[in-house]
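Structure, as structure tokens:
Naming follows writing order (A, B, C, D, E and F), and every chain is counted from residue 1.
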Amino acid sequence: MPYIKIEVTREGVTREQKQDLIKGVTDLITRVLNKDPQLTHVVIQEIELDDWGYAGEQVSVLREKGITAEKK
Amino acid sequence: MPYIKIEVTREGVTREQKQDLIKGVTDLITRVLNKDPQLTHVVIQEIELDDWGYAGEQVSVLREKGITAEKK
Amino acid sequence: MPYIKIEVTREGVTREQKQDLIKGVTDLITRVLNKDPQLTHVVIQEIELDDWGYAGEQVSVLREKGITAEKK
Amino acid sequence: MPYIKIEVTREGVTREQKQDLIKGVTDLITRVLNKDPQLTHVVIQEIELDDWGYAGEQVSVLREKGITAEKK
Amino acid sequence: MPYIKIEVTREGVTREQKQDLIKGVTDLITRVLNKDPQLTHVVIQEIELDDWGYAGEQVSVLREKGITAEKK
Amino acid sequence: MPYIKIEVTREGVTREQKQDLIKGVTDLITRVLNKDPQLTHVVIQEIELDDWGYAGEQVSVLREKGITAEKK
């Protein structure tokens, strides 16, 4: 009976990326824990840049300064 | 001091249904646990169909295939 | 596809009370939203009294002062 | 590795107030727990007045009755 | 800045399985969203069988009846 | 009607530190948003080191390697 919540900043996540996340997490849970996918729910929640804080600063401010969350 | 979060897919839940959920959950908590309703908070969060995954698929895709979550 | 999280202070909630909460919430969701119970998950999380704060005070401290959360 | 979620009713919280909350919570965590701010994430979630229930009533209804959540 | 919460029933999940979940989810987020793993936090929460309800019944009761969540 | 959840790793947080967090967050919310403290609930959730993942690794493994979350 797994439930997974994914919180990410709202920065242009596409419908296809969301489907990849849902499929990927469900497959992972099935493979690692042998859980029935019919019992696995995944919820994605996009958070506005003003509403996420990191190291004491709003992500919207960090982005204005040119600081991204991208993998280098 | 109960706090209850209800997550449902965003599919036309009306203001009256939300009030019924809030009233119903609060009454249930009061009846079963004898808690003061003044200390009970209920939060409803509607989730877009692209953002909820079930059995590895987006609910928006399931709905396009005609699969609903309705009680049979 | 509802998911419901119930957070309450850990103060002797019995197995039967938990079953009543689970049954009651699921029935409520089914009745108000016409959702398939097979798609409804309820999670109860008990919180230690030191870990819940209300009005700026730990509930453990409030209880020591004789302040309860019971319905009057 | 702290993660903090702040849920408030959506009633005109400004960008500056959000920044104050993010900064204030991060500073508090750093001061009390000596945590690296680079590992502290804060997420603010605003909840519509129809979606928050208190004492069994929607906050939107409470507001229509003139009942606020303001500090007296 | 992703944050992922995984809730599963407490049924003998090993340390190695938890590591596989953490590694797998972080890799997935990195691959699909191109996020810096240094900004990705994953939290696993195990839920007692009395505290998870499915279709209106406690999972502990379902297990006593021989109903599992295993993939067929 | 604010509700705040604080998730931290379980690494010897004392009762006094928890009280400081509860008091500090409640005061912050009252000061920034002018909310009645009687409507503010704070929940602290401590997470085992095996259950928190950062950058794809369990925090318990990071700690064994001598990597802490302390402010430098």
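The rule we apply is simple: a residue touches a chain if its C-beta (ideal position, glycine included) is under 8 Å from a C-beta of that chain, and two chains touch if they have at least 3 such contacts.
Model, not experiment: these values are computed from the prediction.
**Q** Could you tell me which chains make contact with chain D and chain F both?
**A** Touching chain D as well as chain F, we find B, E.
**Q** Do the two copies chain C and chain F share over half of their interface residue numbers, or under half; same or different?
**A** different
**Q** Using C-alpha centroids, which chain lies at the maximum separation from chain F?
**A** B
**Q** Determine, using the mean of C-alpha atoms as each chain's centre, which chain is farthest from chain D.
**A** E
**Q** What angle, rounded to the nearest 5°, describes the rotation that places the Cα atoms of chain A on chain E?
**A** Rotating chain A by 180 degrees superposes it on chain E.
**Q** What is the distance in Å between the mean C-alpha positions of chain A and chain F?
**A** Roughly 21 Å, centre to centre.
**Q** Could you tell me the distance, in whole angstrom, between the mean C-alpha positions of chain B and chain C?
**A** 15
**Q** What positions in chain F touch 2 or more of the other chains?
**A** As it turns out, chain F has residues touching two or more other chains at 1, 3, 7, 21, 25, 37, 41, 43, 52, 54.
**Q** Write out all the pairs of touching chains, ordered by chain label.
**A** Between chains, contact exists in these pairs: A-B, A-C, A-D, A-E, B-C, B-D, B-F, C-E, C-F, D-E, D-F, E-F.
**Q** Quick one: which bits of chain A touch chain D in the complex? Just the residue numbers, please.
**A** Residues 7, 47, 50-58, 60-61.
**Q** Would you mind writing out the residues of chain C in touch with chain A in their complex?
**A** Those residues of chain C that touch chain A are 1, 3, 41, 43.
**Q** In their shared complex, at which residues does chain D touch chain F?
**A** 1-9, 13, 17, 20-21, 24-25, 28-30, 32-37, 39, 52, 54, 59, 69-72
**Q** Note which residues of chain C are touching chain E in the complex, please.
**A** Chain C reaches chain E through residues 15, 18-19, 21-23, 25-27, 37-38, 40-46.
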